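First the structure, then my questions, so here it is.
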């Protein structure tokens, strides 16, 4: 029985004043899948996220989510529908403590719809959410102002802010960048937990080893075009992908 | 009536352009708020008057000194006083506005009001164009305005300092890594802006009297032109001055003098609601979304 | 031996931050004194001074409220250069209803407060989606425009304005109407900004992209803030209309835009109490300088300029810091 995919992107194109950031990119994501998006720097990965989630309007193409055409929708509307994203450069509320950072997504109309009505003390929920992503309770790190937290915690905070929205699709833009192997290893179980909960995940990554361990499928972008889409192993065997990453083929 | 309106519209536009260029340099191009702009205009006027009438300097010399003084004054005040507010636009606006206020009110208090405060014109007489009398000095204003705009355009495009002006407002940090001394550049841009408004003063003031009250109107008009045209765009200043200048002239001729200021203010409001970066501006209108 | 300056909370501050404050009178006084003292002081001053200085204190309260309204907008990232807009709109609404329909001030003032807030939000909605600086420019321009429009179209009394409006029932009523809202506003606004709702508001000013990323509509929250701030400003305008029994073009004057900002800058932004402190320094100062005539504005402007440059954080933060922390020099750890 064929199901309609959760997210279906068709011929998405975006041109920034002469720079073709995306050219006719089409792909789809099923419910509960973890799809990796890789490609050299400047290949359009972040633009892809921005156009899907509405931060940038595409020039051509279509984005259909849950059978709804959301092409060109404003980001607030897209997120209320159930897509969440993180930013490549983390954007916490630096002046606030970490757990207060969570208050903002907790005020999201999406949660009002999902949970309906009062859902308890927001401060407690915030602390619980942070604990789920690895802010140890007994070290009181959740009470620290975001401006003093190291990158590992900020990335986790960013992830928590997306998770708490109870999305059906999460798009993670280079979550692992700037993290040590140990930090990555501690975040992977959280992502796996999301998958088992049935949440679809799109992960833009440069750290291929870690990504391939958890991804179902991998898509490769180069200069705004999709050049491969499939199982991790076969994608990496592809000649075009090798050329994109390594330059012209060695003799 | 129509021909007169058209001709004087051009003159009004040229005057506006000349007045606004200096503001555009500091606020639009370099990102330094100088809301004491109107005060500098008046300082130059009175400075030249004092040199002329109380110290007996010949007018061209007095004018030149007044311009230099104004430029030096703003540069020094900025360097030793306002520099601490670098980057905090609101504080800059308030501090410079307060400074302008203090200067203008000081002049008013000291009694510098009256019809005796005039400056001599550079060109006497008037021309007779198709039945309309036009003062030679007014045509001089148009000429100077055109020259000044051209000079500014060349300066920001083709000289190192001019490009430095643009750099520090686009991305100060990067500019500094390229060896541009941001503080010195900002001080310089203050001086340039002041020089331009002083130039405008010595050319335009001979057409009337020097009045401290004019200082406020100058600031509003300059703000209007820069916003409508787009902060930082020389071409924008040109086009906006033409639009606002003619709008003001037609309003004066066919509607009534009371409405002139409303034209400027309405222009600002409409532009900000519809296309806030102005006609030719490249400023970021919306918050950065990506 | 290299030294660095270290700031540590005072012992008494730490002890009085918790429930255990109740175990000692000293700590309770430390906590309540700075909060009660201004209220009591102002109350006493109002009672013992003559009518002239009472008017001054009332005026200072009006500017303090305008300053708090500005502070609220600033907390949301909206820097208003035109508080006079709210003030003027409130003044004209209450003045008009009193002049044309004869309604009592006790009706027109609340009416103007509510309508003023809504009207302000309506007018400013088009600029919400833009960068902060454009909001500032629009607020700068709108009061000037209102002034010119009233002058040119001669509506609502034109250049002469509306005179002979009803005054407030009694002088003690006048004092109550202004001073009770002053402290109530302070209390409520502080609670608002500390609450979780306030977190969202401050987040909009800190990093509005993340707020959008949470699916929150910025315009909705900005509109709410403008309605509240506009209502406060309109209240001030409506009140003053009935104190002077007159409303005219001067209600849109630059003074009503600049002085609140100056109060907040002198007093300290971000916490509403600074607005009150600043207003009660600047307004009496302005009155004291009245003797020197035109020079007054000059000295005033110089005072403002020096303050902005020398102590940008404002007096309140400085005092707060001194009150709750002490400094000492310590050796830098190797």
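Per-chain residue numbering starts at 1, and chain names A, B and C are given in the order in which the chains are listed.
The rule is short, and it goes like this: a residue touches a chain if its C-beta (ideal position, glycine included) is under 8 Å from a C-beta of that chain, and two chains touch if they have at least 3 such contacts.
Nothing here was measured: the structure is a model prediction, and the numbers come from that model.
S.K.: Report which of B-C and A-C is connected by more C-beta pairs in contact.
M.R.: B-C
S.K.: Measuring from CA centroids, which chain ends up nearest the centre of the complete protein set?
M.R.: The most central chain here turns out to be C.
S.K.: Give the label of the chain whose average Cα location is farthest from that of subunit B.
M.R.: Greatest centre separation from subunit B goes to chain A.
S.K.: What whole-Å value do you get for the distance between subunit A and subunit B if each is reduced to the mean of its CA atoms?
M.R.: 49
S.K.: So how far apart, in whole Å, are subunit B and subunit C when each is placed at the average of its C-alpha atoms?
M.R.: 33
S.K.: Take the average of all CA coordinates in subunit A, do the same for subunit C, and state the distance between these two points in whole angstrom.
M.R.: That pair's centroid distance is 42 Å.
S.K.: Of all residues in subunit B, which are in touch with two or more distinct other chains?
M.R.: If we look for residues of subunit B contacting two or more partner chains, we find 289.
S.K.: Which residues does subunit C have that touch at least 2 chains other than itself?
M.R.: Expected reply: 209, 212.
S.K.: Identify all positions of subunit A at which a residue touches two or more other chains, and write them in rising order.
M.R.: As it turns out, subunit A has residues touching two or more other chains at 55, 75.
S.K.: So in the complex, the part of subunit B that touches subunit C is made up of which residues?
M.R.: Listed in rising order, the residues of subunit B that touch subunit C are 81-82, 84-85, 88-91, 93-95, 97-99, 101-102, 105-106, 108-109, 220, 223, 227, 256, 258-259, 261-262, 265-266, 268-269, 272-273, 276, 284-289.
S.K.: Looking at the complex, which residues from subunit A come into contact with subunit C?
M.R.: Touch residues, subunit A against subunit C: 55, 75-76, 79-80, 84-85, 87, 91-96, 100, 103-110, 122-123, 161, 165.
S.K.: Name, in rising order, each residue of subunit C that touches subunit B in their complex.
M.R.: 79, 81, 126-127, 129-131, 133-134, 136-138, 141-142, 144-145, 148-149, 151-152, 208-209, 212, 258, 261-262, 265, 293-295, 297-298, 300-302, 304-305, 308-309, 312
S.K.: Would you tell me which residues of subunit C are touching subunit A in their complex?
M.R.: 196-197, 199-200, 202-203, 206-207, 209-218
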